[in-house]
Each structure stands twice: as C-alpha cells, then as structure tokens.
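Multiple structures are listed underneath, in structure tokens.
What follows is chain A paired twice: with chain B in the first complex and chain C in the second.
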Partner chain A sequence: MNANRHWRIKNLFRHESILLIVLVGEWIFFDVVGRNFGTYDNSCDIFRHSCEIGLLALAMTPVILTGGIDLSVGSLLGLCAILFGKFWRDAHLPIPLAALCTLAVGALAGGLNAALITRLRLPPLIVTLGTFSLFRGLAEAITRGVDTFTNFPSSFLFLGQERWLGAPAQAPIFISTGIFFWLLVHRTTFGRTFRAVGFSPEGARFAGIAVERRMALTYVLAGVVSAIAAIIYTARLGQAKADAGNGYELFAITAVVLGGTSIFGGTGSIHGTLLGVAAIAVLQSGIVHAMQPSEMAGMLTGALLIIALAGSVLPKMISSLRARRSANKLATPIA
Partner chain B sequence: MKTFLPFLCSLAFAGFLSGCGKSSDSPAAGGGEVSKTTGKKLTIALLPKSKGNAYFISCQKGAQKAAGELGDELIFEGPTGTDPARQNEIVENWITVGVDVIAAACENKEGISTALRKAESKGIKVLTYDADALPDARSFFVNQATPQGIGNALMDQAAQLCSSNGEFAIITASLTAANQQEWQKYIEEDRARNFPNMKLVAVKPCDDLKDKAQSETTALLSAYPNLKLVMAICSPGVPGAAEAVKQAGKAGQVKVIGLGLPNENKIYVHGGVTQAVILWNTMDLGYLTVYAADAMARGTLKPGEQNFKAGSLGTFEIKGDNILLGKPFVFTKENIDQFDF
Partner chain C sequence: MKKYFRELSVATALGILLIALAVLAPSFYSPQPLLSLAARASVSLVVACGMALVIIARQIDISVGSMFAVCSVCAGLLAAMHWPLAAVIVASILIGAVFGAFNGALVAGLGLPSIVVTLATMVTWQEGLRWLRQGEFVNLPEGLQWFGLSQRQGQWTMVCGAILLLVLLASAMRHLSAGRYVYAVGSDAEVARLSGIPPKRITFLIFVFMGALVGLAAIMNIAQSPQVDPQSGNGMELKVIAAVVVGGVAISGGRGNLWGVFAGLLLLACISPALTHFHIEAYWEKAIQGVIILLAVVAEGLRKRKDLGHG
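Now for the complex of A and B:
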C-alpha cells in the first residue's frame, strides 16, 4: 500500500515536473526570439487572455477526476454572458445583482447537467453534448444572433481590463477560485473521494461514498465557474454576444489533460491543470510575439500534449521493460 | 516531497506572473522616435476579420506591395477560429510587441474598440479599414465604398450596357435592409438625373439566397419579355440571376450585373451571361490602408486633412475622418482572373 502510494506520487511528480520544464523552456525560447515577450506587461496580458479558460479548466478538473466530462462550459459561458447583459440592460439591475443572478443561472444550468447524469444515469459525454447545443442555441435565440450588449460602466470594465495594485484586476478572483479548487481536491476528505469515484465508481459506492452526490457537485461547480468566467469575459471585451466563449470547452479539456489528469478519471491534480493552462497560454502569446502565424499555436499545442503525455508514460514503460528483462534473466537458468 | 510539489508549481506561476522582472519597452517612446526620423523602418500590423478569408488575403497582397515600396515591415495576423475574443487578444499582443501602427478590420465594433483605445493610449497609431470600429477608438477609417459610389457605379454600368434605354429589374436581399434601401435610393437618383429613358420595372427580394434569386429572375423573365437587364445588389443574387438567365437561354440578350465577389461569378462572366461584377478593388484597399498607416506614424497624415497621396495609386479624398477608396471597381471578362476571392 505504502509502496504503491509512493510510486504514484513519484509518477505524478514526474509528469508535472516535465510540464514545468516545458513551460520554462517555452518562456525562455519566446523571450529570446519574440519581441518584448518576457515583459511584465505581457505577463499580465497572458494572464488576462487565459483567465476565462483557466477558470473553466479549474472547474473541469474535478469533473474529469470523477470520470466525467463537461462539454457545455463554453456554451454556458455564452449563455451567461448574454443573460448578464440582459439582467443589466433590460431588467435594469445594478451590476452586482446582475452578476449574482448570472451565478444562479450558472448553478441551475450545472444542476441540469448533474440531474441528467446522476438521476437518469445518462453518459456525461452525451448529456453535455446536448446542453452544449442547448445553451448556445438559447443564447442565440434570446439575442436572435445579433443583439449585442455593450456600453457597460467603466467601473465594471475595470474588472477585465485594468490593473489593481499592479496585478490584473481579475487576478484575485482567479487566485481565490484556484485556491478553493486546490483545497477541495487535495486537502479535504470530501474532495479526495473524487479520485476514488473516478478510479472505480462501484468500489467507491461499496466504500460508502455517495457517488452521485459527488458527481453532481462537480457539474454544479462547473456551471457556477462558467458564470464567473462569463462575467470576466464580458468585462474584458466590453461586450456580451451569443458567440462568447466559442470553443473554450476544448481548450479547457486540453489544459486539464495536458496537466496530467487522466481522461478516464482517478488521477490528476489542480496544480497540473494550472501548469497546463499556462503552457498553452504562453504558446498562444509567444507565437504572436515571435511574428509567427497564429495557426502554428494549434499545431504546437497538439505537439505539446503528445510530448507531455508520452514523456510521463515513457519512464513507466522503461521500468516495466527493465522488470521484464530481469524476470527473463531469472527465468533462463531454470529453462 | 508532497509539500515540495505545490511549492514548485506556485513558484513557477509566480515567476510567470512577474514576467522575470523585466521592464517593458514602451511602445510610446519607440513610436515617437520613429515619427521624428522619417525613413526609419516602421512595423505596421494589419488585422483582418478572419485570416483564411480570400477577401482579406487579397487585401494583404496590396498591403504587402505598399509595405515593400515604403520599406516597412508588415504583420498580417488574424483569428483563424470563431472565438470573438481573438481579435482583441491579437491587438493586445501587438501593444506589448510595440508595433507602430495597427490597421484593423473589425468583426465586433464595440468589443475591438476597447483594445484599440488601449493601443492609442500607449501611443500606437490606430486606423480601421473595411469594417469600422467606434469613431473614438481610431483616427481614420479607410472607407472602401460609399453608398452613393456603389449606387452610381451600378446605374452607370447598367445604362452603358443598355445604351441608356430600356427596362431593367433589381434583385435585392430584402425590401427592408437598410444598406440595400440606401443603394436603391442612389440608383434611382442617378437614373432620374442621367438616364430618364431607363425604366425600373420591378424590385424583387431574394433573402440573400442564390436559389431564390434564381426563381425570382425566372419569373421576371417571363413577366417582362422586354427586360434588358437584371441588376442584383446582394452578392448571392448575382450568380442566382445569372443561372436563371442562362437556363432560359437568354445569355447576352438579357444582361446581368451586380454587386458581388469575383470567384462565384467567374464562370458566368466567362460564359458571357454576366457582363459586369461591381465591388471595390481589395488589393487597392490593402495598399491604401498601409500607405495611410505609414503616413500617420510619420506624422504626415493628420486629422483634418482633405486629401492624401498613396504611392502609385495617386490622390484620395478624405471626408471627415474617412479616407475614401473612391469609385467601385468593375470586374469584367478582361480583369476578373487577376482576383481570387
């Protein structure tokens, strides 16, 4: 038991340290070839540009840890963004109240995913593929695809565009969300059961864990975080339109998987996800600073994913090969 | 080991946020220097609505030519996907890169304006082309076509093909679309003043659908046997009308002209069905935009000026803060193959 745990930690450590080396390598590379890449201003921009995807990836981690997936987060971001605009412009709610209502919508939408998955026992992939279209469709129907919410007060835009105490204004929200998820997944007995659920739902059930409730919570949290991301996104762009957050779900999933979380559930970490988000964000910005065509970012993200995953599997393969060879050596004299 | 790992990660994240403690090269200072010493190489960033769009690739061709003549560096970068935040992200990256001028074709008027204003506040010159931002977010808009220019070009072309005499019909996108109505207003104005013997017999909407334009044109051909010309003023309408005329066996006998894109009309233009496709010259649009961008950064083009000279294309009129590309371009059998969009 103890040896097994030790082996797992060692393995986890390996994946994330590889990712860290890759990230530092990326940074140094773009700092050398790019123009004004390694500046404080650009670091703030990289953070601002990846904040929403980072939030979605944080919330996606527990979902994937329990063996699920949530494809609806990007669409929900779009729906929440335009509802936030509606609450503020058409219902004349003050910004804080509109934001609160948006969070409630996010929780409700996450609750819908959770209910379909845990009550009706439908596969998460199918359920969230459905809500992926449903939420985006709702956003398009409500705005008829053309209505754009804009002219937000500058006190609200501050959240997405300005700096507070030298750091991007959205940093406190992102950091506290990050700490919340890290504590939940790594420091509470409640959150640690996510991995047990993902590793073996039946086993977890026999161990007395309320599997459905744990799974439901991860989807509700994903919904709430999508709403938070929607508000930050609206503040960053200064507009809310039905196409907000298009394709963000795939970026979030990529970051989570790049961060070492198994797509089958059971293993993974929040800090790994953060490294994954950073690695992708640095790449996206670096490409522009290096004056390279931005379509290369997609290609390199793919390559990064494969290198990082292969890199963490390789040591395992080598050690198992070695074990087999020594077993063969032992076997020869007998034969 | 267990506490070491999160520590390492947070350290990395902190390093990532602090940006290695390097101070930023202020683009404002760089820009100021450049405008004083004319002749220094400028970095001009050209933002298309979407990067793969043949229309913008054609603009880039002209822009590249201008940049070559001026000895400037041209960056052409734009969204490849459907993420509406991407244009903002590219502009914000350019701000830290420290480009001298940004010329943007805006997908989201309000959204991009926040990023463009930020660029201006950092001393980067900003202009727009093709699709404008909010007026307070840029100094100039390179306007590719005014409604009057389009209306007049269509009517003049129609009259020329019909020898200023005879019946014609219009295929429009919808009867309520504001831009279509405005073009029709100028078409009518031009007709009444210069071509009183031309007679507009029908205006039919096609809902921006090629199929509907085809069926409406077929109906028009049987309803008005003396029809000499069909004018489609929305881009799907032009190949739609041409297909109807071709299938009715009236190619050349009933002329087709319209506002559209060269590629989808090439086959009809070469087949003698469509006589003229009217749009603007996208290569000239890119060329003029880069010349204007260069002049803004060097301080030779300032708000309030009446005209502007752009290299080999000559002088362009400036109306308020709009630099006018001028008369629309007529694509015919002779020149249409030079354009690929």
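Now for the complex of A and C:
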C-alpha cells in the first residue's frame, strides 16, 4: 500500500515536472529565436490573452476530476457576455450590479447542467452538448446575430486592458480564482472527494460521500467561472458579441488533459492545469514572435496533446508486455 | 414496442412537424427546395451513419469536421488537376480512411480515450489545413458539379445514394455478424473479447470506416457548389453527434439503430426551413436544436428512472 502510494506520487510528480521542463524549454527557445519575447510587456500580453481560457480550464478541472465533462463553457461565456451587455446598456444597471446579475446567470446555467446530470443521471457529454447548442443559440437569438455591445466606460475597460500595480488588471481575479480552486481540490476534505467520485462513484457512495451533490457543485462552479471569464473577455475586447468564446471549451479541455488530469476522472491536479494553460499560451505567443504562422501553434498544441497521452500510456503498455512475456516463460515448462 | 420507444418517439415528433408544416405552411412541400434540402441533408446522413457506428461501439469521433474539410480541399485540388471524377472520389475516400486509421490506431492500439484523441486530431488537422491553405477557396473545374449531371439528377443521385447506404448499413448492422460485433464491443468489450470477438480490431476498423464515409460525404458536398469552402466542416461533429443522440443511440454504447438516426437527422435538418416557414427568426435555430437534444436525453433518463423504480 505504502509502496504503491509512493509510486503514484512519484509518477504524478513526473508528469508535471516534465511539463514544467517543456514550458521552460519553450520559453528559452522562443527567447533566443523570437524578438522581444522574454520582455515583461510580452509576459503581460501572454497572460492577458490566456486569462479567460485559463479560468475555464481551472473550473473544468474539478468537473473532469469527478469523471464528467462540460462542453458548454464556451457557449455560456458568449451568453453571459451579451447578457452583461444587455443588463448594462438596455436595463441601465450600473456595471457592478450588471456583473453580479451575470454571475447569477452563470450559476443558474451551471445549475441547469448540474440538475440534468445529477437528478436525472444523464451522461454529462450529451447534456452539455445540448446546453452548448442552447446557450449559443440563446445568445444568437437575443442579439439576432448582429447586435454588438460596445462603448463600455473606460473604468470598466481598465479591468481588461490596463495595469494595476504593474501587473495586468485581471491578474488579481485570476490568481484568487486559482488559489480558490487549488485550496478546494488539494487542501479540503470536501474537494479531495472529487477524486474519489471520479475514481469510483459507487465506491464513493458507499464511503458516505454525497456523490450527486459534489458533482452538481462542480458544474455550478464552472457556470460561475464562465460568467467571470465573460466579463473579463468583454473588458479586454471592449465589446460583447454572440460569438464570444467560440471553441474555448476545447482549448480548456486540452489544457486540463495536457496538465495530466485523466479524462476518465480520478487523478489530476490544479497546478498541472495551470502548467498546461501556460504551455499552450507560451507556445501561441512564441510562434507569433518567432515570425511563424499562428496556425502552427494550434497544430503543435494538438501534437503535444497526442504525445502527452501516448507518453502516459506507453510505459504501462511496455511493462504489461514484459509481464506477459515473463508469464509465458514461466508457463512454458508446465505446458 | 417498448424496445423501440426512442426511435418511435423521434419518428412521431418528425411526423408531427411534417404534418404541422403541411397544414400551416404547405409551401414547404414545393419540390425543388425540398430536393435541395434533402441533398444537403444526405451529406450529413452519410457522416451520421458512421458516427452512429462509432457511438454504438462506445467511442466518439469529434474530428469528423476537420477530416471533412481536409478531404474536401484535397478532392478539390485533385479535381482541379483534372483527375477523372471516379479517381477523385476514390482518392477522397482513401484520404478519409487514412485519417480515420490514424484515430483508430491511437484509440485501439494504444488504448487512449477516443474523445481526447479525436479532440487532438481535430485541432491538428484543422490548423494544419489553415496553415497550408490560408483559408483559400478551391475553384472546381466544370465537370465536377452535380457529378457532371444536371442539378436535378445530381441531387437525386445523392439522395438515393445516401438512402441506399443507410439501408445497406442498417441491414448489415442487424443481420451480419460484423454488425452484431459492433453492438457486442459497445455493450461490453471484455465480454466480447472472451467470446472470441477482437474488440481492438473492430474499434480500429470502425474508425477507418468512419473516415472513409467522411471522405465520401466530402465529395457529395463539394459536388453541390462550384467552389470548395475550407470551412465547410466547421461544427459538423456536434451537429452529427446531436442527430445520432436524438435518434436514440445511447452514448454509453451498445444501443440504437440507424433508422432512429435517420429520423433524428431529418428532424434536426427540418428545423431551419420550418422556422422560416413559420415566420420565426432563423437565429433561434441553434437554441431549438439544443432544446431538442436535451428533451431527447431527458425522455431517455425519465424512462430509465421509471424502469428502475419498477424493477
């Protein structure tokens, strides 16, 4: 038992440390190859552009840890962005109140996912595929596909475009969200049960864990975080359109899986996810700075994901092959 | 009756929609627009047939949209190089099969989860295509559109071809041992293996077949317009998965049939024209699609719950 645990910790550590080495390697490579890559300004830029996907990936981690998936976060980001615009421009709410209403919408939408998945025991993949279509469709229907919200006050745009105490203004929000999720998943008994639920829902139920409630919470949190990301997205671009956050769900899932979280649930970590987000963000910015076409970054992200997956499986396959061979050797004299 | 509850309920919903259209908006039934709609739907039908097999075998393939775009552009380029039509069709199917084999090798060979593998290949092919072609359209030579036939004949060829494929596949899934193997692998791969079915080989072949069907669908799509749009496959994966799920195929594998998928696909394909005929703004299409998907799974969930309660 003890040896097994020791092995597992070592293995987890290995995945994340390899990712860290890849990240540092990327950084050094692009710093040498690219122009103005390693500057502080550019680091702020990288952070700003990956902030929303980073937030979604953070919220996606507990969802995947419990063995679920949420395809609707990108669409929900779009819906929240335009509802935020609607609250502010058409309902004449002050910005903070509009933001609060948007967060409530996010929680409500996450609650819809949670209710369908845990109350009716429906597969998360299909439920969130449905809400993926529903949320984006509502955003398109509300704006009729053309309405765009712009002319936000500069005090609001500060959040997405300016610096506060030398750091990008959205940094405090991102860092506190990151700390919240890290503490939740790694430092509370409550959050540690996410992994138990993902590893074996039935076992977790027998151990007295309220499995449905844990799962529901992860989807509600994902909804709230999508709303936060929507507000930051609007502040960064200065506009809210129905296509906001299109395809972000896939980037977020890629970052989580790249960070070492098993897509089947049960194992994974928040710091792994953060490293995954950083690896993708640095790659995207570095490719541009190295004067390469930006599409290459997407290709390399896909390739990196396949390599990371294959890398996680190959050692196990080789050892099982070896075990089979030695078992055959043992079996031959008897046969 | 109870066994085919899902298929029958989708068919009923489709029937109600068609009757409502006949009563409220008979203009929906004018032949030429209807034929065009059917020709467009037959492209999705071909992909949906493949996706149904993949999902019945308890896998998923979200790279179909990217494969579709790559096959379309490759076929367009070959046609522009004046390859004969038959060679272009074969080449497109082969290219699709090769991409499918790549997915299949990773999923069946290395035992990786199909959702992540196809997520990765989706991003890779899509960005690779954008990189190489920079989103450029391909102009097709004269003879390719409608396979060199008149528009009417071309559309009929596509619709009949897609339906023939559906009938053949549906009966193969029911009566051939290969079809039953797919259900067996999807229900329980380990039990299938113990009873002498090679689950890995079956899974691999299903992905190859899926790719080949995507190649075929790509040809059917580019034959409908004078140019190849490299973005034509965008969002196709979710549309097709939605049709398969609405059609009663269980995402947990081992259950469903192609007739249900056919009904589900027609239901989703009719929404957009139905909206215009009912004078509802077209922007509601996606939201209504989402509601239909959710209703389909909720119906399934409620029924399962009731069954459990009685049992």
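Operating definition for what follows: the second predicted complex is superposed on the first by the 308 of 335 C-alpha atoms of A that agree within 3 Å, B and C clash if a C-alpha of one lies under 4 Å from a C-alpha of the other, contacts with A are read in each partner's own complex, and residues count from 1 in each chain.
Methods note: a residue touches a chain if its C-beta (ideal position, glycine included) is under 8 Å from a C-beta of that chain, and two chains touch if they have at least 3 such contacts.
These numbers come from a predicted model, not from an experiment.
Between chain B (first) and chain C (second), which, if any, makes contact with A:Met299: first, second, both or neither?
second
Check whether A:Ala310 is in contact with chain B, with chain C, with both or with neither, and answer first, second, both or neither.
second
In the overlaid three-chain picture, which partner chain does A:Leu250 touch, first (chain B) or second (chain C), both, or neither?
Only chain C; A:Leu250 stays clear of chain B.
Please indicate which partner A:Thr148 is in contact with in the superposed arrangement: first for chain B, second for chain C, both, or neither.
A:Thr148 contacts chain B only, not chain C.
Does chain A have more residues touched by chain B or by chain C?
Ranking chain B and chain C by residues of chain A touched puts B first.
Of the two partner chains, chain B (first) and chain C (second), which one does A:Gly111 touch, if any: first, second, both, or neither?
The answer is neither, since A:Gly111 touches no partner chain.
Taking the superposition on A as described, I'd like to know which of chain B and chain C A:Val24 touches: first, second, both or neither.
first
Scan A:Ala278 for contacts with chain B and chain C and give back first, second, both or neither.
A:Ala278 sits against chain B, while chain C stays out of touch.
Taking the superposition on A as described, I'd like to know which of chain B and chain C A:Gly266 touches: first, second, both or neither.
So A:Gly266 meets neither chain B nor chain C here.
Considering only the contact definition stated at the top, list the common interface residues of chain A for chain B and chain C.
Of chain A, residues 293, 295, 298 contact chain B in one complex and chain C in the other.
Show me the residue ranges of chain C that touch chain A in the complex, using the header's touch definition.
Chain C reaches chain A through residues 60, 106, 110-113, 115-117, 119-128, 130-131, 238, 241-242, 245, 251-252, 281, 283-291, 293-294, 297-298, 300-302, 304-305.
Across the complex, what residues on chain A touch chain C?
69, 116, 120-123, 125-127, 129-138, 140-141, 143-145, 250, 253-254, 257, 263-264, 293, 295-299, 301-303, 305-306, 309-310, 313-314, 317
Taking the touch rule as given, give the residues of chain A at its contact with chain B in the complex, in rising order.
It is residues 9, 12-13, 16-17, 20, 23-24, 27, 31, 34-49, 148, 150-151, 157, 161, 167, 171, 182, 186, 233, 236-239, 241, 243-248, 271, 274-275, 278, 282, 284-285, 288-289, 291, 293-295, 298 of chain A that touch chain B.
Going by the contact rule at the top, pick out the chain B residues touching chain A in the complex.
Result: residues 1-2, 5-6, 8-10, 12-13, 16-25, 51, 75, 77-78, 80-85, 88-90, 92-98, 108, 110-111, 113-114, 118 of chain B touch chain A.
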